[in-house]
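Lettered A, B, C and D in written order, each chain numbered from 1.
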Amino acid sequence: MSETFTKSMARNIFYGGSVFFFLLFLALTFASHQEFPKRDNHEALTPIVAKGKRVWETHDCIGCHTLLGEGAYFAPELGNVYKRFGNSTEAIKAFIKSRPVDGVPGRRSMPQFNLSDEELEAVAQFLKYASGIKTVRSWPPNIKG
Amino acid sequence: MTEKNRQPPGDLAIWIFICAELGVFAVFFAAYAFTRAQHVELFNRYQQTLNSNYALINTLALITSSYFVVRAVAAIRDDHQRSCARWLGAAIAMGGVFLVVKSMEYHHHFSAGVTLSTNTFYMFYLSLTFFHFMHVLMGMVILAAVALKARRGGYSASAYTGVETGASYWHMVDLVWIILFPLVYVMR
Amino acid sequence: MTTTRRNALVRPCTIIYLLLIGLTLLTWALGRFNDRIGLPVATLSMTVLGIALLKGQLIGDFFMGLRRVRGAWRWVVTLWLLLPASLIGYAFLSSY
Amino acid sequence: MKYQSQSVAKLYFIAAIGLFVGQILFGLVMGLQYVVGDFLFPEIPFNVARMVHTNLLIVWLLFGFMGSAYYLVPEEAERELVAPWLAKLMFWIFLAAGAATIVGYLLLSYSDLAKLTQDDLLPTMGREFLEQPTITKLGIVVVALAFLFSIGMTILKGRKTVVNLVLLIGLTGLAVFFLFSFYNPENLVLDKYYWWWVVHLWVEGVWELILGSILAFILIKTTGVDREVIEKWLYVIIAMTLITGLIGTGHHYYWIGTPAFWQWWGSIFSAMEPIPFFMMTIFAFNMVNRRRRNHPNKAAVLWALGTAVMAFLGAGVWGFLHTLAPVNYYTHGTQITAAHGHMAFYGAYVMIVLAMISYAMPMLRGRRAANSPRSQVLEMWSFWLMTVSMVFITLFLTGAGILQTYLQRYSDQPLDFMTVQDKISLFYWLRELAGAVFLIGLVIYVVSFFAGTDEPEVAEKVEVDA
């Protein structure tokens, strides 16, 4: 028998395999959605938290920090910052507020964003909400993030 | 005995795919075994909630359908196109039996509230069997396409690579279950 | 295929099929009735695993037709069976 | 160049190279900010520099993909492009939108940019890599649709080759999955879950189809190997890509509030993601070894082989390093990720675009097949400088990442993030040094376009069989 390895079979495997695994991916996505309510801390999703997410986004915090490990690696992880700051939104607010306008000579420093009191409260509440998301093995591995 | 081939039956492309699939299952099997070794009690306890009678029927169904597929290939080698299509139809029917029985089993577990996240045992049980379930479905689609083409006279004793290709995939689905059945249902 | 096969009373693949059915029933029975048979779990599991290997090899050789293949592809199923089976065997044996 | 309308590719390629230079300059700024924290502060804070660095990368790669498509689709379809004027118009719209966005990043504070562009109407900003104002995102969709129209119609009306079809599938997927960037729920877990449908399904999914088809095109052209063989392997490789890569998305679903089963599904499938890259390496070298001609454009062949190797190393090997959940538990969100990201993007996507530019530019500039020896030598120098310095960037970041992982996450006395950053600053200095060498390579690359333009091109060595 001569060697059989046809382009049409390779093509069928590409189309068939792609559809198959995409459907499987959708099935696993469905299974994930069943599970989200147990983990995603949606009970804490109040309007102020939603506003906090907007503050978080419109100041591009993810451009320096990671949140649950995703983002930039220039500044500390914030998924557990609420716990690291002693379970205190006040401490978070005080830190953001205290950033010097001109930075710290020779060192990395978070910009002074001049947030209003409401925005400060909102972003702190958002970080508190984020710390309540139940990640597998309670990631990050320790309080340092 | 006829001269040996350098290549397995069917299109080589399907064998590359079969190797990839077997690889995934192999890793899944090993992962099951090693995870079980860390949670022996949990696995032994929840394994008893499985009904091995269902699995027996399913194993018999898959082996039988694999046998029918062998007969289909034999038929087309003798240029019996209709007979080839009939054997394939019978194989697909046995695949259908598998799907029905497996669905009944799933129904039993789902109505008991079991999900992928219930515990590690059920995570593996559902992942492995559902992944395989999808393969049975996929194999049936492939066999159906081959059967249709055979009915229309698309294969002959001199050109039946397509039949062998579909057959090889289907045997792979059977092969995986041959390991899955004792591993998940019987070994403890 | 060969003429001998076509003239035979029973096709070789049918014999293999019946053998597979028998081995399946054996596996099931061992699992089902071991409380009465009373094999140690390790023996039970390894027996069942061995039966599965045999069944897999039969499927590879006779159903997939690999016994009529030479070269690397001849052993693809064998290799696949041995690799996870040895890992499974090791993991189970180490857990007793 | 066989068809007049292929010439629109030139615009796209020039823009791509220009933006590439910008990307590297901002990369050096960021690299310096890692060690001299107040560099350019507060004028260009790190997050702005990073946004510019990553967004320029994405935009110039898109320019590169589009240019490649406009070059190769007519040649494969054996007909002129449908509506080349649309391609030109879209070029200027895309360039203007891209430039305006970058200028916006640099001149306005990000929150003012959000206000100015009415982000509250349909909030999509402020997520990694998707920082563009919503209006820019809409612009990208319009450009993508127009682009798909002209490419798609050309393919439909012309000869349908596998290279063309795969490229079209890849580009369509790119446009479709980008739509998930408009989904930004308040629920952070859902937000992250579907954010990956853009990011992962792009770079570890449909972009690999684009990569594969461009590579196949270059190999068909430069090696003279039978199209059937190359197309067959293209199908096998991209089949493996999607088979492993779709569920492989699960390696991003370990620690973001997603269920635990992803630890297994993600680990198993993403562990197999190197396979298609490995196949691609074998494939590329095989085809070049079986070549039926010695194409005079040595530089293009070098880039093509380079991308096959570097994609395997960067995406395959460095991806595998931290893809298994138990490892990723410690390495997630550290410099290990940055190391992998740098080499993977450079190896898989930067190099394939540069390969295509290298192959097409001589023809687009009126030569028969290749540049002059002097130009090619410079280009190959730039290849080695950029590639080797990227290897070193990756190694230094890996070193930084390993130390960071140990000091911050693994040791008995975990240290603060900033304390650790200070301790590993030597690696950041070395990375910056390698980055400077990369820039030198890039300058030589740009110079190669202007060197030896009046000299004759390399002629094809014809092998005499008899």
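Keep in mind that, in the parts below, a residue touches a chain if its C-beta (ideal position, glycine included) is under 8 Å from a C-beta of that chain, and two chains touch if they have at least 3 such contacts.
Computed from a predicted model, the values in this text were never measured in an experiment.
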Report summary line: Touching both chain B and chain C we find none
Query raised in the report: Among the chains, which has its CA centre at the largest distance from chain A's?
Result: C
Query raised in the report: Which chain's mean C-alpha position is nearest the mean C-alpha position of the whole protein set?
Result: D
Report summary line: By number of contacting C-beta pairs, the most connected chains are A-D
Query raised in the report: How many angstrom lie between the CA centroids of chain B and chain D, rounded to a whole number?
Result: 39
Query raised in the report: How many angstrom between the C-alpha centroids of chain D and chain A?
Result: 24
Query - Approximate Å spacing (C-alpha centroids) for the pair chain A, chain C - result: 48
Report task. Mark out which residues of chain A touch at least two other chains, giving numbers and ranges. Result -> 5-6, 10, 13, 17, 24, 31, 35
Query raised in the report: Out of chain D, which residues touch more than one other chain, so two or more?
Result: 232, 235-236, 239, 243, 259-261, 265
Query raised in the report: Of all the residues in chain B, which ones touch at least 2 other chains?
Result: 5-7, 13, 16-17, 116-117
Query raised in the report: Does the chain-touch network form a line, ring, star, complete graph or other?
Result: other
Report summary line: Chain-chain contacts, ordered by label, are A-B, A-D, B-C, B-D
Query raised in the report: Mind pulling up the chain A residues that touch chain D in the complex?
Result: 5-7, 10-11, 13-14, 17-18, 21-22, 24-25, 28-29, 31-32, 35-36, 39-42, 45, 49-50, 53-54, 56-64, 66-77, 101-109, 111-113, 129-130, 133-137, 139-145
Query raised in the report: Within the complex, which stretch of chain C touches chain B?
Result: 1-2, 6, 11, 13-14, 17, 20-21, 24-25, 27-28, 30-32, 41, 44-45, 48-49, 51-52, 55-56, 59-60, 62-66, 68-71, 73, 76-77, 80-81, 83-85, 87-88, 90-92, 94-95
Report summary line: Note: in the complex, chain D contacts chain A through residues 30, 33-34, 36-38, 41-42, 45-48, 50-51, 110-111, 114-115, 119-120, 123, 125-128, 131, 162, 184, 186-190, 192-193, 228, 231-233, 235-236, 238-239, 242-243, 246-247, 249-250, 253-263, 265, 329-330, 332-335, 337-338, 408-410, 414-418, 421
Requested in this report: Write out the stretch or stretches of chain B touching chain C in their complex.
Outcome: 1-2, 4-9, 15, 19, 22, 25-26, 29-30, 32-34, 36-37, 40, 52-53, 55-56, 59-60, 63-64, 66-67, 69-71, 74, 77-78, 164, 167-168, 171-172, 174-175, 178-179, 181-183, 185-188
Report summary line: Counting only contacts in the complex, chain B reaches chain D at residues 13, 16-17, 20, 23-24, 27-28, 31, 116-117, 123-124, 127
